[in-house]
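Each in structure tokens, the structures are laid out below.
Each of the next two complexes has chain A plus one other chain: chain B in the first, chain C in the second.
Then we have the complex of A and B:
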């Protein structure tokens, strides 16, 4: 009697457990469904639809679409402006990685070493990231103005007239002028990211290192930097993807000009789709942009990730 | 209790999903066009409640349009118009997206020409011919003003804002100080350019980030060299090409002017929408600007004292040996034309509202604001404005801006080649060839 009672209660526990699992699964699905639905409708579907559109000629307002096959893609492959845009995008990638990350890291280390005393600077350095990009663009358009801008005026005042430039109009330097502003805007972001990781490094490590006779330099290169590895990879990936899709500041400051000197894949896509009424070709550029970003991100991310796991393992 | 909660949450999730899907499906279906009239009927309101949207880009004098709309609403109780002012260049994108999504405002502005024709062909615009013919309303307007909105023998827009022609605005104080006279020929203009440069004043201010300001030089030079037919023949593909010698020669004259120091430094990076060319005039750093006659009202709004003391204009000079009539002007009679979108459920009310935009009270307000409304018999006390009116009245032809006349795809190519031409990135021959190549490709498809 007692045994049967025991059995049935055990069985009840099992069914109860199963029911709890089922309940849990239903809840999980319910909670995930909205996110998946939104991603599907707002991310996945537009991507697929862009690829579909890239095979058509469409002016964006006409109800009729003309099927072109791969004509748009052939045109893209031969389009010098598009390849110039790709090159410009990669210039932004490299300069962002070379400038933003090291300066962001240096600022983070500096602020971290100061502790409370530097709170004020933490806020100040963070400010550019809080400004709207359009406001920054207009601000720097005035700063770069060849007649009234503060840069040329300062250079003239201190007798360096030879260094004054047509910052945004000279096709040779316009891209670098804008990149400087992009860096100014995003360095604080990486600074905050690194600052957060730095504060996660326990103080005991530093003490232990000093007891073992490490110098400040040695401590940074051999202990801090390897510990920041994860953050650095994250920062590099973010910077890479962000630079490849970059649009806003360039659009506000130069619209990709003068004469395509600062053209990016995204600005070129926008111009084709919305100014020239070539929605089909614009979709082709958008799809190509998607492929470039995806391939670059995967080729960079996975090897780094694997290396990371090897080290951890 | 617990069970009920679970079902409720399920219902909520489903509701959210449905909302999300239906919200997204709408724009995807809209371009098919078939759904549009149905959407209109559905939106038909209870009696006495008519609501529609009106977009415009008259951001320097929004009150004139607002006053018109207020008068319209006062005379038509139960009709409510939401007025949405937008900035010039962003508007061009916004209206296109709205059209493509089947969600445009009832009343919207265009510059006539190519882009409006695209919307007309796509069936997005209401044919206004009958409205315009009613009680001979059409006779109110200067005939030249309707040519930019008449396609296939029908009228698709109402000219309202202004008669805008490009003229050379100049600082008369600087001219007086240097003993300069407004030039009547290109050679005289070049002499003035040299004198100004010797005095460290940039001859022409130009803000060419948006590319269309530079096109004005090109359009005038082509017209002065060979008359308006050269462009018309090339654009309509009736025996002409964009490689016509007139286009190449105009390009050479422009590059000569650039090399002579005819323009402010860095003009290809300056932005007209933030006033960077006008600031150079106000500061006396530059002496002239080739710009639409809207400059008069814009500058009066920005800097009235300076305008009173310094601003004057002269027509674009003749070119020696050119075949074009020097009285010809480049510009638009009407400037902004208001059209009604075909999804609008209230075309009659919308047209009535448009009539208020250019009624007598509105015309009377436009005069002092420096505008030249495209109505017959308009005259003004303002000498500068009257001089512009006379210039338009005496013109043998009015060439519409190329980038507005051409279909948008070619308009963009035109503007791109202009920026490259002025930036000395393309030779005149290369610019002409690029233009022609795009035109051949466009019309062969």
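Then we have the complex of A and C:
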């Protein structure tokens, strides 16, 4: 107490500020701690542990793990099923980008041009987003059913018997049948995303373009599309990363079959770890999945970032 | 010119109707079939109206512990959301409002969590859960649910909190309000709509979560709704109307929420996509 009496007012400000600084530092640490605790235990540590397990052979029950070195990774490199899964994942990536984004955009433009008249359409279009992926998978499993499903029944009804298929059990088309469902599920999502940015474009822009003699097509390609750049990149990134992580729908509809025709990295990992109890090899597949996602994300992210800066500069 | 526009309008309308059909027909099939008897589906055309609509399929589902699954889902989702909202608002406050050297790197680290595939964490989390002794209980789900909801929630809330005027906090500071005080008295109350958004977004995605529930629980008493559907499907695989009744009943809570809170729900679901 005596000391403070002799303090100059300047010194008092400094101690005051230091107290404040500490208070902010303490708050920062305290407030970040829970988030990092959860992320550390349930995200970061498991990633590291997966990599560690990938060097062992283990059935998940025995107390002892057998150290294998890089054997699991060598096995993975030669594993035809794994590479098939990687290929399937990338087929989903490309078809998702090619089908979902254009149709989503077209529907958004359509709803945007229709205004209030189309609000009923909007309500229905949005419905698929409310179902869980499991429910969608099971629903479509029965829609595709060759005997009781509605697709074959409808085809027969309109005289297109030749087109009826065993949609999910024919290895040649099973993957595409599943991709069609993925599109059904996600197109509404991209539609709403694009609709949000379309409604942000001021109406004066359209008038100005028309006054300057632009046709509707020209207006779309040279004004609307460039303005949607940001949301198109967002949508593409979401679709890309999401497609690589895909699991639920495929698991429910085909479990990766018939004969690995729809196998994905995630379904293969699940089978290895939890059906045949090869925890070590399952962890290897999981780690490989992580590497593929990380590398893809980085390859897409950095060039985009640079381009963004070029435009901003 | 006139004919051209009207032709175009017709094409647009046709496309709109086509997609309406594509989006709606599966739902129609689900509703129609859930009122049929299982024999009826085999003997009559799939598109026919049920001969005499029955409710037995729904009663079966309800008597098969449907409310147990509904309660399980509600408990897990509400506890997880509660934790996510608290933890992410605290972290977002630090990232949006306190300047320190590690702010940017730590924020980037959290955002990197957005791309982590659940499957790379599955084996270690499963092993951890069995070792701790909470395997096959609702507690097992809360940790991973909270952790995987945090990156996107912190991201959205940080953006949100950055927009609150700094003058408010400066004024409070002059009046002797420290960082904790300004979090609870200024930033948190002003972030209410952001908190609602992340609560809705996470509620919808956790309500439908499958993988963790699939791996970390096994007995019917701990199953959440998506898993209950999955188990039902295994049990009644050949009774299609029965399955459709489960699907319909399990989708009902979200559909009702959608009817009541349409705008807010759509905004919430889309929140995860709003970047940059």
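Just so we're on the same page, the second predicted complex is superposed on the first by the 285 of 313 C-alpha atoms of A that agree within 3 Å, B and C clash if a C-alpha of one lies under 4 Å from a C-alpha of the other, contacts with A are read in each partner's own complex, and residues count from 1 in each chain.
Just so it is clear, a residue touches a chain if its C-beta (ideal position, glycine included) is under 8 Å from a C-beta of that chain, and two chains touch if they have at least 3 such contacts.
Remember, it's a predicted structure, so these values are computed and weren't measured experimentally.
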Touching partner for A:189 - first (chain B), second (chain C), both, neither:
second
Counting only touches as set out at the top, which of chain B and chain C does A:138 meet: first, second, both, neither?
both
So, does A:38 touch the first partner chain B, the second partner chain C, both, or neither?
both
A:60 in the overlay: touching chain B, chain C, both, or neither? Say first, second, both or neither.
both
Now for A:279: first (chain B), second (chain C), both, or neither, which partner does it touch?
both
With both structures superposed, pick whichever of chain B and chain C touches the larger number of chain A residues.
C
Would you mind listing the overlap between the chain B footprint and the chain C footprint on chain A?
30, 34, 38, 41-42, 45, 49, 60, 138, 142, 145, 148, 274, 279
Touching residues on chain A, where the partner in the complex is chain C
20, 23-25, 27-28, 30-32, 34-35, 38-39, 41-43, 45-47, 49-50, 53, 60, 103, 106-107, 110-111, 113-114, 118, 121, 123-135, 138-140, 142-143, 145, 148-150, 153-154, 157, 184, 188-189, 192-193, 196, 230, 234-235, 238, 241, 244-245, 247-248, 251-252, 265-266, 269-270, 273-274, 279, 282-283, 286-287, 289-290, 293-294, 297
Would you pull the chain C residues touching chain A in the complex into a rising list?
12, 15-16, 19-20, 22-27, 29-30, 41-42, 45-47, 86-88, 90-91, 93-94, 98, 100, 106, 110, 113-128, 143-144, 146-148, 150-151, 154, 178-180, 183, 204, 207-208, 210-211, 215, 225-227, 229-230, 233, 240, 243-244, 247, 250-251, 254-255, 258, 262, 266, 269-270, 273-276
Where on chain A does chain B make contact in their complex?
30, 33-34, 37-38, 41-42, 45, 49, 57, 59-63, 138, 141-142, 144-148, 166-171, 174, 254-255, 257-260, 271, 274-279
Report the residues of chain B in contact with chain A in the complex, numbered from low to high.
9-10, 13, 16-17, 20-21, 24, 28, 31-33, 92-93, 96-97, 99-100, 115, 118-119, 121-124, 208-211, 264-271, 274, 276, 279-280, 283, 285, 407-409, 411-413, 416, 419-420, 423, 425-426, 445
